[in-house]
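Have a look at these structures, which come just after this line.
Consider the two complexes below, in which chain A is the common component and chain B and chain C are the respective partners.
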Partner chain A sequence: MVTKKNSNSKLNPKITTGKQANEYQFGFHNNVKPIFKTQKGISPKIVNQISWQKKEPAWMNKFRLKALKTFIDKPIPLWGGDLSQIKFSDIYYYLKPIKKKGKSWNEVPKNIKETFEKLGIPQAERKYLAGVETQYDSEAIYGSLKKDLVKKGIIFTNTDEALSKYPEFFKEYFGKIVPPADNKFAALNSTFWSGGSFIYIPKNVKVDLPLQAYFRINAASMGQFERTLIIADCGSFVHYIEGCTAPIYTSDSLHSAVVEIFVKKGARVRYTTIQNWSKNVYNLVTKRAVVDEEGTMEWVDGNLGSKLTMKYPSIYLKGRKATGEVLSVAMAGNNQHQDVGAKVYHLSPETSSRITSKSVSKSGGRTGYRGLVYVAKGAKNSNIRVSCDALILDGKSRADTYPTMNINEQDANIEHEASVSKVSEEQLFYLQSRGIPKDEAASMIVNGFIEPIVRELPMEYAVELNRLMKMEMEGSVG
Partner chain B sequence: MSLKISNLSVSVLQKQIIHKFSLEIKKNEVHVLMGPNGSGKSSLSFALMGHPEYKITGGSINIDGKDITNLNSSEKANAGLFLAFQKPVPVYGVCYFNFLRNIYLNFHKNNDKISSIKQFLNLIRNKAKLLKIKEELVKKSVNDQMSGGEQKKMEILTMALISPKYAVLDEIDTGLDVDALKTVAAGIQILKKDSGILLITHYQRILKYLKPDFVHILVKGRIVSTGNADLADEIEEEGYKKYITAPAF
Partner chain C sequence: MTNKNYSKVIISDNKKQHLYFINQNMDMLTQLKITQKKRGEFDELIIFIVLKNKDKINLETKTLHNIPKTTAYTYVRGVIFDNASLNHKGLIKIDRKANLTDAYLSCRFLLLGESAQVVSLPYLEIENNNVKASHGVSIGRIDKEQLYYLESRGLSSYQAQKLIIEGFFEDLLLKINSLKEREIMRKLIMNSLNLN
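== the complex of A and B ==
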C-alpha cells in the first residue's frame, strides 16, 4: 500500500474558506506580535528574566534555577524515540503575547480572537463548557468560569495566576508528584514552565460539565512548557479536557508539559487529552496522579499528531481500594513515532487498575506501547487488567509492545492481553462490495478498532477524534 | 436489460478456476447455480464482485450494456451489482446501523432526501419489518457475535437497502434453520421485484420456498447442464455423479 497524498492536505470541515486547502488543517498562523520574548537558548539569565516578567515569588525562581541545573546535568534519554535532533539552544523558552489576561471575550485582541474562532472555541464554550481556559503561546489570555462554579468554591485558572493568588496550594502540592529530578524533560519544564491550568475542587463538589482548555503553539521554534496542577478534594469529581492543536513550521518545535493530579479520599478525576500537534513537534510529557483511599483516577489519552510523542500517564494507587484506569489511543503516520503507554503503581491492598491501549500505524509510522505495572509488597488483593492492541495498515509500518510487570505480592490478580493485527483484504473487500471506496473502508475499520476508547469520550470529542482519524486515513491505502 | 457474463475466465494464484463461463440474467429472474464442492461457485461470485485475488483473465461482465469487467468492487457495487457473502466478514466496533447509513449515504451522494438519522432509522425499520427481520440486529457490530442466521438476514437487509440491479447470493441458505430459511426465501421473493438474482446453493431445500426460473449445474468451472426446478430435484436425488464422470466439454 502506498501513500498517495500528504495526509495533511485535507481541510478540516470546520474551516471552510477553501484557501488553506494545502495547509495543515489547523496550520493557519496569525500575525500576533509577542510583546516580550526571551533570547533563544538556555541560561540562568533567561530564567531570571522569566521570573522577573512573571513577578513571581523568590522561592519559585530558586526552584527554576535548581531545575535548570538538574536539566543540564541529566543526559538525554536513549530509550523511547530519537531525541538527538532537538536543538535546545535554538528554541525560545518564553514568549508573552499580551499584557493582561482577558476577563471577557470582548477584551481579547481581535487577531487572537480570530485564531480561537477558527478553532471553534467560542461555540464549544456556549454549547458544552462550564469554563474555558485557553493558552496562547506562553500565557493564558482568556479564561471564564461560570458563576455557579465560583460559588461552589471551585478554582479554575491559569497556573501563573494561581501561583500569585493561592501560594499555600503551591507550597503543599507543586512539584511534589513530579519533582524536577524525575526526568530530563520534567526538569526542563520545571525550569521554564509557564501557563497551564490550576484546578481545585472542594470537598464533595461534583462538576457536571467537563472543564476544558486548548493549547496552541504559534511561533516558530517556540517551546511550550505548560504546567497543570489539579487537586480534587475528598469526595469530589471533575472531568478535565485538554485539546491540543498546533500550526506547522519548518523548524522543530518542542512541547514538554508536566501534569500533577491529587485525587483525595473518595474523589474521582478524569483527564482527557486529544493531541494533534503538527508533525514537527516533539511532545514529551510527564503526567502523574496520586490516588488516596477509594479514589479513582482515569486518564483518557489520544495521540494523533507530533513527530515524536513520549508519554506514559502514571497512577500511584496510594490508598486502600483506590482505582486507576488508562485508556489510550495512538496513530502514527509517515515520519511519526508514538511511544506511549501507562504506568500504575499498586501501593495498597485491594487496589485495582485497568490499562487499555490501541494503536494504529500506517504509511511507515511507528507506535509503541510501553507499560509498567508495579505491585508493592503488602498491596494484597490487587486487580490488574492490561490489554493492548495494535493495528498495522501496511508493510512499511511498525508496532512494538514493551510491557513490564513488577509484582511483589503473591495474590495479585493479573490479566494481560496483547494483539497485533492487520487490516485484512477480506474486510476491505467486504466493505467495498457495499459501494464504500477503499480509503473510506480502511478508515471505517480503524474507527471500529478504536471504538472502545472513543466510546469513553464526550460526544463532541468522539466526533472530532473520528473526523481527525478519518482525515489521517484519507489516501493512506493504495 | 440484463447482467451478461460472457466467456468469463478466472484464475486464483495462477490457477484457472472458471473456464469461459457465460450466463445472462434478466431483471426479475431467479437463476440457481448448483455444483459440487470445489466447482468454482464461490470463486465465480468473488470474481464477479471484483475481489483482488480473483483475476479475470478473459471474457466480460456487462450490466445493462455497460462493461464493468475491470471495475473495482466499490465501483461494481455502484454500477448495480451486489454480493451476499457466504461468510459475511466481521468489522469489529462498527455497528450495523452506522454501517448501513454509510452505505446509504454513499449510494445517495447527490440527493439527501433521507438526511437525518431519524429518517434513516425509519427507513431501516420499514425494510426490516417488510422482510420480517428483527430491527434490534442493527445495534450489533457488523457480523460480530451474531449467529449465522442473523448474519444472512442482515445480508438480505443490506441488499434491500441498496436495491441492486443484480444480486449474487452465495450460499445464502447455508447454516439456516427452517424459520430463518423461510424468512430469507421470502425476502428474496420480495427483492426479486427490483432485481435479477443468481442464487448459489448446495441444497434444493430453499427451492421449496422460492421458485427459480433456471437451474444451472457448475462442474470444474463450467456450466454442464441447464434446466428448470426439476433439475434441482434430480440433483437432490441422484447427486452430481452423472456430471462429474461425464467427459468435460
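== the complex of A and C ==
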C-alpha cells in the first residue's frame, strides 16, 4: 500500500519538480476500517446484502437484481479503451465506513476528517460554497446545507437518504434517463449503486452559489458506483460541482457512476466535474440530461487523472428552443487514455447546441474525442457547432477524433471542425525571447490553449486546474 | 437517365489530383484510399456528389500517412435531394514516423429534401506531434438570405436555388488544375442538377 505525505491542501497543491512530479499529487492513503464490507466479486447474494444493509424498499432490490442480470448478459464494449484488464470478480462492491452520518463537522471521525482537511474542504466551504456533501468510499458521511437553501425548498442530500425520504421522486425519475440496459457499466452501477447526490430545485428557485460534492475512493480494489439524480423544476437554476481526487492503490480500481439530470421548462443546470483519479483507476461514467422547452443544460468536464476514462456527457434536447453546451478538457500523460466527448440529440425545432473540446496528450498519453450530433427529422432550425482541438506535446503521444454527425433534417445548420497541433516553435521562441524559461513558456501556452474552458470554472477551480496543468507540464517539453 | 460515376487522376505541378463525380446509386462501400510512398508527395482528393430520389451511398475516404513530409487534402461537396442519403467516413491517419505531414479534410453538404439524410464521420488518428492535421464539416440548407437576395432581383425560386447550388460547387471546381477536366466535371454536375 502506498502511503505518501500529502501536500498542504487541495487548493494549494505544492508544485513538485523532477521525479516527484510523476508521483500522484493527492496520493495519500488513510487507514479507515470499514464497518461493513461485502465479499469481493459479483453475485445476487452480495446484492441482497447491500439492499439489507441499506434497508431499501423491495422494488429497489428487484431493480438491482434485474440490473445484475443485464450486466452479466451484456458483452464488454470492444471500442474505446482497453477494458480487458478489469477483473470484475476481484472488486469489493460495497463498503460502509462509519455507522451514522455526521451531523456537524465535529462528529466526523478524526482520520476521515484528516482526508478532507487535506482536500481543503473546510476552507472551500467557509469561502463560498453553499453546501458540502462529501462521499467517502461508498456512503456519504458528512453533509451540510445552509439553512436558507432548506428554506427555499431545495433538497440536497445523498442518494441513499433521498430514496428513503423522497420515494415519490425515485418512482418517477430514477433510472428513467439511463436505464440499466443502456450499457454494461450503467447496468453495473444500477446493480451496486451507493451514494451520490440527489438534488431537487423547486420552481423558479435560483441557487446563486454552486453546490458541491467531493468524491474519494479510499480502499484498494474498491469500486465506487455513485448515482446522482438532479431535478431542476421549471424556471430554476443550479450549478453543481463534482470534484474527484483519489489516493494511489496497488491494484486497479473501478469507478462507474451514473448521473441523470432533468431540466424542466425554462430551467438551467450546469454540471461541473474535475476528475483527477489516480492513474490506475478505470473511470467509466454514464452522464445524461433531458432538457424540456427553453431549458439549458451545460456540462463542464475536466479529465486529468485515471488510467482510462470513457465518458461522453449527453444532452437530449426534447423541448422546443432547448439549448445544450458541453465544454470538455482532457489531459493524458504516460499510460493514460482519455476517451471523452459529448453527445447531443436534437429532437425538437429551434434547438441549439455547442460542443467545445480541448485535449492535451504528452509522454505517450492518448486522448480521443468521440462525439455524436443527432438531428431528428422535424427538428427545424436547429443549430449545432462543434469544435475540438488537440495538442500533442511529443512524438510518443497520440490524439484521435471520432465524431459522428447524423442529420435527418434539411432545415438545420451544422458546423464541425477539429484540428491537431503542437506547441509551435514560434510561440515558444517569442516567450523565450522575453526571458521566460522554456518549461514555463510551454506551460503558459498549454494553459492558454485550455483557457476557453478554464474561464467557465469557478475561480478556485480555475486556479487549481491551472496549477495541476502546470505541475503536469513540468519537464515535459525540452 | 442518370450519369455514370466518373473518376480521373490528373498530375500537374508535382501535385496529383484525384477527381470523382458520384451520383449513381451504390449500395456497396466505395473506398477511396491514398497511401503515399514517396517523400514530398502531394495528393488532392476532390469529390463531387449529387444524390436524388432514394439514392443511398456509403463513401469512405482515407488518407494514410506513414512516411515523412507528405501532403493530402480531401474535399467533398455534396448536394442531397429528396429521400437520398449519404454516409461518409473520412479518415486521416498519421503514423508515428510521418513527420511534417500536412493533412486536411473539408466536407460541405447541402440538404435539399424533406427526408434527405447525411451521416458524416470525419476521423483523425494522429500519432505524431510534428504535423498539421485538421478537418471541417458543415451541413445545412441553402441560406435563406441568399435565396431572398436573388429572388428580389427577379429570379424565380428555382433559378435562384440552381444558381446557389452551382456556386456551391464552383469554389471546388476552381481547384481543378486542368481546364479540360474542370469543364467535364462542370457538365456532369449541371446535367445531374437539370434533372430536377
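One rule holds in what follows: the second predicted complex is superposed on the first by the 455 of 478 C-alpha atoms of A that agree within 3 Å, B and C clash if a C-alpha of one lies under 4 Å from a C-alpha of the other, contacts with A are read in each partner's own complex, and residues count from 1 in each chain.
Just so it is clear, contacts are C-beta pairs under 8 Å (C-beta built on N, C-alpha and C of every residue); 3 or more make two chains touch, one makes a residue touch a chain.
All values derive from a computational prediction rather than experimental measurement.
*Asks:* Between chain B and chain C, positioned on chain A by superposition, is the outcome a clash or a fit?
*Replies:* fit
*Asks:* With both complexes superposed on chain A, which partner does A:Pro452 reach: first (chain B), second (chain C), both or neither?
*Replies:* The answer is first: A:Pro452 touches chain B but not chain C.
*Asks:* Looking at A:Trp52, would you say it contacts chain B, chain C, both, or neither? Reply first, second, both or neither.
*Replies:* neither
*Asks:* Applying the document's definition of touching, compare chain B and chain C: which contacts more of chain A?
*Replies:* More residues of chain A are touched by C.
*Asks:* Once you lay one complex on the other using chain A, what is the shortest C-alpha distance from chain B to chain C, in Å?
*Replies:* Between chain B and chain C, the shortest C-alpha distance works out to 15 Å.
*Asks:* Can you list the residues of chain A that meet both chain B and chain C?
*Replies:* On chain A, no residue contacts both chain B in one structure and chain C in the other.
*Asks:* Note which residues of chain A are touching chain B in the complex, please.
*Replies:* Residue positions touching the partner: 424-427, 429-438, 440-441, 444-445, 447-452.
*Asks:* For chain C, which residues count as touching chain A in their complex?
*Replies:* Answer in residue numbers: 96, 109, 111-141.
*Asks:* Enumerate the contact residues on chain B facing chain A in the complex.
*Replies:* Those residues of chain B that touch chain A are 46, 49-53, 72-74, 76-78, 82-83, 85, 88-94, 99, 102-103, 106-107, 141-142, 158, 162.
*Asks:* Touching residues of chain A toward chain C in the complex: what are they?
*Replies:* Spelled out, the residues of chain A in touch with chain C are 377, 390, 392-395, 397-422.
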